[in-house]
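Below, each structure is written out as structure tokens.
The two complexes that follow have chain A in common; it is paired with chain B in the first and with chain C in the second.
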Partner chain A sequence: MAEIELKNIAHSYNPQAADMNYALDPFNMTWVDGGRYAILGPSGCGKTTMLNIMSGIVQPSEGKLLFDGVDVTTLSTSERNIAQVFQFPVIYGTMTVKQNLAFPLVCRNYEKSVIDAKVQEVAEALSLQGLLKKSASRLTADQKQLISLGRGLVRDDVAAVLMDEPLTVIDPDLKFRLRRQLKEINQKYRSTLIYVTHDQNEAMTFAENIIVMDAGKIVQVGSPAELFDRPKTTFVGYFIGAPAMNFFDCQASGGYMLSIGSAEIMTGTDLSKVGSAPLKLGIRSEYIRIVEAKGANTFTAHVQRVEDMGNYKLVTAVFEGHVTKVKVERDIAVPVDRVELQLPAENCCVYAADILVS
Partner chain B sequence: MNFRHKYMFLLPGLLVLLGILIFPIGFTVRLSLSSWDSFYPGLDFIGIENYIRLFTDDLRFWEAFGRLSMLSLTTVFLQYVIGFSLALMVWKDIVFQRFFRVLFLIPMMTTPVIMTVIWRTFFHESLGPVNDFFNLFGMNPLWLSSEILAKFTVILVEVWQWTPFMFLLLLAGLLSLPKEPYLAASIDGAGPIRTFVYVTFPLMAPISIGAIIIRLIEASKIMDTVYVLTSGGPGTSTETSSFYIFIKGLREFQFGYSAALSLTYLIIMIISFTIIAKILVKLMVRGN
Partner chain C sequence: MGYFYTTLKYLAVTLWSVFVIAPFLWAISTSFKDFQSVTNGATYIPWVDFEPTLEGWRALWKSPAQGGVAIVEPFFNSVFVTAAGSAISILLGTLAAYALSRFTFKAGPIRNGDITFFFISQRIMPPVVLAIPFFIMLGKFSLLDTLVGLILVYIVLLMPIAVWIMVDFFNKVPREIDETALIDGCNPYQAFYKVVLPNSIPGIVVAGMFCMIFGWTDFFFSFILTFTEVQLLPVAIVALNSSITPWWSLSAAALVSVAPLVVVAFIVERFLSKGNLSGALK
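Then we have the complex of A and B:
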């Protein structure tokens, strides 16, 4: 495995055009050896372009790609020593599972004893031992996807395993098992895994670090907890979490205070430098509390509806035109008309021009 | 809706089917049980006499059938190999790609009978330009009147005429293949031969089987090429089943007997194509 460095990488699918549109805006990034990353973003945000630049399928318009300090920007896919798992399982249907796993080593003229040992090891790691003699075309979609992954793991020289929405065709119950297996493999082989997805649940449960992208730009890189608690932009706040973060239009009213309509809210952010610029206060529905009496950092909202979501209740309330979503435990009684909502200062994020004020 | 209304909607289609398919087959079955010929026209009933004659006293039909099998399997095999090679050639980005794609299709755009007349002129043993060339080396091959060379000429004309059809189907198949298996093969380190054997060929198997079966059905009906080029000769060396049935039915007017030949031929063909399709699936799709 290797450390992967992207230096001023940018890509345009039409670089000759007068008004060049970047599919991927210039950026720098380092993928630490053995790390587990997810690239998350809506369709068309440039995440697959980024993955394809690393695998060599796409040549970047600008910048350099370094594997352990070696410039591989112009090298072909086969020369880069990467493994890639695609959205739909790619297997060699005329081969057995064993032949599939051995194929990358056979192509590189490894000795038979080395191939057998390596195939056995990877088959055990992926729980495919019992299927080695079976025709690969007769396996289920998740088993086929494991073979795609296994072909990457049999090689010792793989710099990183790149996965492009690999669980799309997998049943939900098997997705959970596969994600767990991927984590175990990462821990066992210390392989750098880079996982592209538009599903935040997949990204949050799989990765140590998540790269959130929007319209060709990297908007935030961080751990799942960082993305959840302190989204750097309102986009990340909307995109991560279900339901999305609550946002209130507001104005600074001195020090750490801001006003949302008639309510005065204390935040954990020093707002003395933002002046009178329009602000947004963001807070997760998980952190808003329903309290019995009016007090500090509270406002009275009209309850619109209460939905039973199985393991929690989702309360939708309106305060002076601001729709607010609140997650509460199932056994908490929610008033039917008016409710006092409290916004804890430590969970309030303040945004100026959609960027987090720090 | 009344249950009977369903049948009213089905009736037009059923009548067309009855008129163009079921009635002719039924009539042929009945005809094959008669001795209708130019001397005694009429639907008399002679039981399975025509079939007994076919299976006990008509070696020429079975020889024609063997010849047909050889000709159709050889021509379709060659068409597949050449068609696939040409399709692979213009599938990749090459210079004049569009020009070659059109060029390879030209034989299919011509009228088969007229082209066969031109080929007959080419291969004319004393007047044709092919032998003008061979005469320079002191040779005078009998393209149309030697038993072996006449078969070769029929195969050559058939391959020339119908390879473009195979080329077109296979090129369409190649252009619709997904990119990911090729990227995966490239990442795995597979070279061009391994990529063809393990990626292209298996992915193309369903299309290949379809194209081969279509061409085998067409090739087994071979008639115009033989009729114009050699008239089944020399002797009966290029005579095929359909040509023999044509002779019995429309030259000798043995309608009853030719109906029995046609039905037997149809049943053998259905069984043969079923077996061939299964073998092809086993060989090409499952890779056994």
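Then we have the complex of A and C:
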């Protein structure tokens, strides 16, 4: 258990090459002891690289790694006392399930009674009791991944538990249960848990803090609500939320006002200093309202289609070429042809060159 | 159509079986014949065509002075040289292959793949190219005509096979298994022998089988590098082919020399058919 600090860490897989490019751009990050984090980002953005740097499988080409202020950059993986679970099951095929679960403890010379108790506890949490005596190579992919998870959880004194998309191979039912179980285990032992995923729902329901990454950069760190309400870049707005945030090209028209085509919109952002950068207005489809009559912050759009999504309706409307998605409650009647849409000022995010203006 | 196809298939298999088994049957029957039944035209069925005798087999134990062919000592020489050569080749080859599979080596333009190919290239050269250098080198170290000398040469011949098979095998073992072992608290050596090695038994068995086959059947080098003190089985058997060839003892000796390979083949076949080679890890 430790506070983990990454200082100016950067990594390139081919540092000697003439056209060296970073898999991970230089960045700083602190993982608070006992925190529950999710790293969210598209495939290839550097999530696995970041975890591997923390566990020591990859030596960063630049920067330092501190555990509770102590430099561990050059320490070997086993000396760092980290648990890590990979995307695909890794099992020791020649051992039984019990030996698999006990291996991290045996390697670190725990007492036999402690080992037995911990293995029992983890096996119970993951419903593996019935399989303990079985050979690990004779299990299903699901069960193998449970064992990988179990080996990650069997030590409760680790600096952090790193999980790299661990539930990819698990079927949805079990996934849901496991996610809750992981949360409980984390709350019980208060070990830092860092969970990589490319599934935003998983990240949102699981983590206290989400790190959004794109192309080797950390784009935003924040709570699920922050990411939803105030995405720092248009990328985060697109990536988080379903449907993606609505974006409108617009011009500043003085003070807090901007114009989208012929519509004048009042925002909660002072736009006097944005200069000449291209502006975009971002707003969640959840926050756009359908109103009866024209008024402040409204525009008239043509309804293109209305989709019934079960618990809500998704309206697609077009205003002067801008496609707008609006989420409305199921029992609200949507006009067939023209609709007045209102953008509440407090929900409008303004982006200059794709970066949130604050 | 299906019936016709099945018949054809069985016919082909039968033909092939006859083709494979016939020489064995011929050797077995010959080993029980005497001078009369070999030289007076072809005979086939014991007790009907000829009177079986154990003379051919007894001669294997007797010294030449007693009219025998003394195949026992060469047999155990061969066992020793093949076993030792294979064991050392597997040991060194497995370690080399693991390093070649997991670490990156650079020396000028040379990379891992080139080093692996260098090992294999030893087997691409015709053996005769190596014969003279081996002869001179062993001569320099007074190792001609010794078991140790032969073992050294066999290591040169067999290790490439072990490296080749094991590199391929380790490349198919996911790196994550090593990494997981490191995370679980092993140092790199422990990760190798506690986790990777136990999972590599199938590869080692296959590599071992090939080493033993190539070692056991080598005639060329044991013929060139030994004279009087040490004799290996293939050389001893060929030596029987003198002016008056004792076909009965020659057949018996040939059967003896094939027996260990048949045993090895059966064991490996059983091992492989249990599905041990694939799916050992995933």
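Assume the second predicted complex is superposed on the first by the 322 of 358 C-alpha atoms of A that agree within 3 Å, B and C clash if a C-alpha of one lies under 4 Å from a C-alpha of the other, contacts with A are read in each partner's own complex, and residues count from 1 in each chain.
Throughout what follows, a residue touches a chain if its C-beta (ideal position, glycine included) is under 8 Å from a C-beta of that chain, and two chains touch if they have at least 3 such contacts.
A quick note: this is a predicted structure, and the numbers were derived from the prediction, not measured.
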item: Clash or fit, chain B versus chain C on superposed chain A; value: clash
item: Which of chain B and chain C A:Gly93 touches, first, second, both or neither; value: both
item: Contacts of A:Ser135 with chain B and chain C, given as first, second, both or neither; value: first
item: Which superposed partner A:Ile260 touches (first chain B, second chain C, both, neither); value: neither
item: First, second, both or neither for A:Ala83, with chain B first and chain C second; value: both
item: Which of chain B and chain C A:Ile57 touches, first, second, both or neither; value: both
item: Partner chain in contact with A:Ala301 - chain B first, chain C second, else both or neither; value: neither
item: Candidates 4-12, 130-138 or 148-156 of chain C: the single one with C-alpha clashes against chain B; value: 4-12
item: Chain A residues contacted in one complex by chain B, in the other by chain C; value: 55, 57, 76-78, 82-84, 86, 88, 90, 92-94, 103-104, 107-108, 137, 148, 151
item: In the complex, chain A residues that touch chain C; value: 55-57, 76-78, 82-84, 86, 88-90, 92-94, 103-104, 107-108, 137, 148, 151
item: Chain A to chain B touching residues, read off their complex; value: 55, 57, 76-78, 82-84, 86-88, 90, 92-95, 103-104, 107-108, 135, 137, 148, 151-152
item: Footprint of chain A on chain C - complex, ascending; value: 174, 176-177, 179-187, 190, 195, 198-199, 201, 279-282
item: Residue ranges of chain B touching chain A (in the complex, touch as defined); value: 178, 180-181, 183-184, 186-191, 194, 198-199, 202, 286-287
